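First chain A sits with chain B, and in the next complex the same chain sits with chain C.
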Partner chain A sequence: MGTIEVRGLKKVFRQAVKDPGLAGAIKHLFTRKFTEKTAVSGIDLTVEEGEAIAYVGPNGAGKSTTIKMLTGILVPTSGEIRVMGVDPFRDRMRNARQIGAVFGQRTQLWWDIPVRESFALLKDIYEIPEDRFRRNLNTFIELLGMDEFLGLTGRKLSLGQRMRADLAAALLHDPKIVYLDEPTIGLDVAVKENIRGFVRALNRELGTTIMLTTHDLKDIEDICRRLVIIDHGRIIYDGTIEAVKDAFATERTIHFQGTFEESRLRELADRLPAAEVTIHEPGHFSVRFNRFVTGAPEITSQVMGVAEVADFRISEPDIEEVIRKVYEGGIELPRLTGMGA
Partner chain B sequence: MKGAKKYVSMAVCSMQNSLAYRFSYIMNLTSGLITLVSLFYLWKAVFRGRTEMAGFTWQEMQTYLLVTFFLGCLLSWYSEGRISGKILDGSVSLDLLKPLDFQKARFAETVGSLAIEGVVSGIMITGLLGATAGISVPHSPLVWVQFLMSTAASVMVKFGIVYMTGLICFWTTGSFGVVWARIAVTNLLSGALVPLAFLPEWLQKLAEVLPFQAIVHVPASIFLGKYSAPDAAGMIVLQFAWAAVLWMCGKWMWKGAVRQITVHGG
Partner chain C sequence: MRVRPIRGLYLYWRFISTQIKAILEYQADFWILVVSAVLTQLMGVVFIAAVFARIPSIDGWGFWEVCFMYAMIYVTEGIGSLFFEGTWRMLRYVNMGELDRFLLRPVSPVLQMLASAVGMNGLGNITLGCALIAVSLRHVRIEWTALTVFWTAVLLLSAVAIRVAINFGSNCSAFWNKSSGNAVPLAVHNVGEFAKFPITVFSHGVQLFVSVAVPFAFVSFYPAAYLFGHEDWTRYAYFGPLAAVYAWAVAYGIYRMGLRRYESTGN
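Right, the complex of A and B next:
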């Protein structure tokens, strides 16, 4: 049995429909019409203790709805959820003590009191023993570089500071499971790196189970081993990140450095099927190709024939490309169940 | 009591929060003061040429106005706005993530700001007392004790009503109409607008069986010495009974309200 067990989870919202214009609004006062919108339609998911899973999908796919049900703030229409053996909605208080959650779009800090006191308040709310609180707080201050803004009130923090403080706030009580909903949204590269490193350490060193939703694919690659893709309320992929890359990242790019004649290179590009040559600057060009049509050795030897190559480098297949295609409906992913299930 | 510490800490934080909003609180207090002054002159005109109206002397009326002002300062619009605000901006769902009872947490916050509100308005009123002659202050310590107990009960009753009004925002999308309606009804039936003795007979009867009178009418009457000591004690028991009933109603209403967000997504 996993730390998180989800069976046949479904959520249907009822939405009011109004006819257009004032007449429609008046009509709506007397006869209400509703449509049903299915946000999550039958999800099965098992997350083992200590896993780090990325839960991704386009906007409106049902990610947040799932997270809200897992955290106990939305009640499922049907289906079953057990988080460490607890039904998060029925047993909200017990569930709240064993989870932590960070919502990138919302802060849990108190707006008008200094960050340090927000933390102290959380200590009492979660009934954290003094020594454990001190230890955790000191670790977080160091790892997240919070020294400079502990004395500021919530409203004075920059976005990056706020997010770091929110992350610390969600973890002070040593939750076994942490839900991160877009934890790096709108942050600069340095803070993103800081947060990713921190979350990765949390998972690898403390064995905290992480469930991450994000649109930033670098977050996924840095933190998670397992990828779950949801679209239209259904899970369309569940497996390792490696597997999805190997199977579906069709495009590869090789970067070359050396001397070449532009016209000969163009000729070569016409000869190679499904490949595209881009000249970036004198002495540097790249070839993008479909690796199922032409192999990398083939490309390199052909290029060597027309150019004096000094150096070359193959770039890693990009998870972004795969997910983008899935979002756009470009490829159908078979349901892979390599892990967990 | 185990588990109470978190709520005490919330109350302390709320005190700090109130200090952050001291400027708006003082502005609010000032507007209350202006109303008080206009009421003073209005009643002064009404009392011209009379010694007594509906059992009130002019001196008692002045005292009544002052006590009403004091009670009105406690549990200000700020506390009220905070409850409905949480619901309207959706941050209530973050509260659900914490091991906190929503009602107790809101009560703790209210009590926290109350401490600040009480001190500030207390100072102002002492100043007013110095400025106006002819205010009758009770001499008996027992009356003071009863008045303080009654004030505590008054706040609990007011919280009960304010809390439930705030929860209505789960079903409506705005808070203005609801809050204004709440204020209008409370002001009339609590005796904040005019003493209940000035109301028509049937309205007085109605007010007696409703909880609103516990907010202003009961503590003000105790302060003015309108009740005998045993009667006052009985009224205080009634106030606390109302506070308990409203607390239970609030609890029950929250159950429905929480379904509203958890089912419909807020």
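Right, the complex of A and C next:
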């Protein structure tokens, strides 16, 4: 039984179909036409205590909708969620005590009052004992460098200050699970580094379970060990970050060293489907190929038939490339079965 | 989860006092709001006085009695603004996804919403309204016993509770209407205009409507009937607390239904 257990989770939004203008609005009163938009269509997910998982996917894939159901903001259309044994929507307040959440686009602070007083209100909201509150606050002030803006009101904070204050606000009550939705979006490099280091320490040293959605590959690499990719409301990958390239990088390149005749190499390239030969310099050439069309052993044996190969190496595909493709919605591959963390 | 009224009251006070402090510190112009509220209300009183200069009574109800009803509508509106202005923010909270913030905390979202804003203009309504009530009650021949004091207090509290429930329930229409703005809550709010006058002048349909559907009559008319001793209506006045419970149950039901439709958009 994981800290977070999700079974068959679905969320369908109903959108009213209205013709424009007043006439359309009145017509809608009588006809009530709706379209259904499935944001999350049947997700199973188990997160163990102390894990740090990155939850990524293109815009509109259902990331935020999932997080909002996990935090109890949205009610699932169907399926089941247990967060530390609690149904987050039905038992929202109990769930709220054990989680912390930062939504990069939206602050949890009060606009009109100084940050310090926002924290004091949160102390009362979460009933944090005085000594623990002091200790946590002092730690966060130091680690997140908040001294300079504690006296400012929410509205006067810069984005970087606001994000740090929001992070502290979400953690004052020592939540066991923390959801971070785009926590570094729009921040400069130094603040990003600061926040990453802080979150990593939270996970590694305090054992806090982290679920992170982000567009930033560095966030993922620095904080998470496990990667879950969602697209069109479904999980299409769940495994280690290292293994994602094995699952999704379609193109491989083998670099060869040796002696060869250029014309024969060109002939070979025409024979091999979805492969491309590049000659770099005398004695050096490489073959780029789609590994789901032709396997690496096939490529090497074919090449060895036409060239005297002295050495070769397969270049590692780039994780960044894969993640970028995920966000561009460019991943359309046979779904791999039996993937595990 | 256990309901803890003392903690709820404490948190309410913490939230609302924070808001008040912020306004006093950062908004120097709130006095303008207060003064304009007082002036608006004075115009209403002048209007009633003008009506009663021509006719001695409306359907058996005298000047001070109508003044009292009028003042009750205004005082409760003022209390609604000053302490529960958050109800009028529901549209924004729902449409901009700001309700998320309340839903993420281990405190009733309704309590957080109620205490999320302060309308200083309420101060004007309350001040003048209370003065009007005090003056009109001096023209009543009522024997102040422990029981009448008790019932007066209960009816006034119920009146406030009903007013806030109506604001809350009608503003929950935000969960259904994404684009029509405040039209529904404003329309419901204006039903209160009926209750500034003795409802006996209206048809039975209207009487029933402002007593049951949108029970503004329990804010002004029925308490007036009790205090000014209009025997034939007094017996209904005792339903005041029940009407308050009923109004809150309906409003809360609408809210729960709406919450299931909440989409948290605006990201």
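One rule holds for everything that comes next: the second predicted complex is superposed on the first by the 240 of 341 C-alpha atoms of A that agree within 3 Å, B and C clash if a C-alpha of one lies under 4 Å from a C-alpha of the other, contacts with A are read in each partner's own complex, and residues count from 1 in each chain.
The criterion applied here is as follows: a residue touches a chain if its C-beta (ideal position, glycine included) is under 8 Å from a C-beta of that chain, and two chains touch if they have at least 3 such contacts.
Not measured: the values here are computed from a predicted model.
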Simultaneous placement of chain C and chain B on chain A, clash or fit: clash
Which superposed partner A:Asp147 touches (first chain B, second chain C, both, neither): neither
First, second, both or neither for A:Gln105, with chain B first and chain C second: second
Partner chain(s) touched by A:Asp131 [first = chain B, second = chain C, both, neither]: neither
Contacts of A:Leu74 with chain B and chain C, given as first, second, both or neither: both
Partner chain(s) touched by A:Asp270 [first = chain B, second = chain C, both, neither]: neither
Partner chain(s) touched by A:Asp91 [first = chain B, second = chain C, both, neither]: second
Which of chain B and chain C A:Glu36 touches, first, second, both or neither: neither
Common interface residues of chain A - those touching chain B in one complex and chain C in the other: 13, 68, 71-75, 92-94, 96-97, 99, 101, 103, 106, 108, 110, 112-113, 117, 121, 124-126, 153
In the complex, chain A residues that touch chain B: 13-14, 65, 68, 71-75, 89, 92-94, 96-97, 99, 101, 103, 106, 108, 110-113, 117, 120-121, 124-127, 153
Residue ranges of chain B in contact with chain A within the complex: 3, 5-6, 8-10, 13, 16-17, 20-21, 90-91, 93-94, 96-100, 259, 261-265
Footprint of chain A on chain C - complex, ascending: 1, 10-11, 14-15, 18-19, 21-23, 26, 97-101, 103-108, 178-180, 259-260, 262-264, 266-267
Touching residues on chain A, where the partner in the complex is chain C: 13, 16, 25, 64, 68, 71-75, 91-94, 96-97, 99, 101, 103, 105-106, 108, 110, 112-113, 117, 121, 124-126, 153
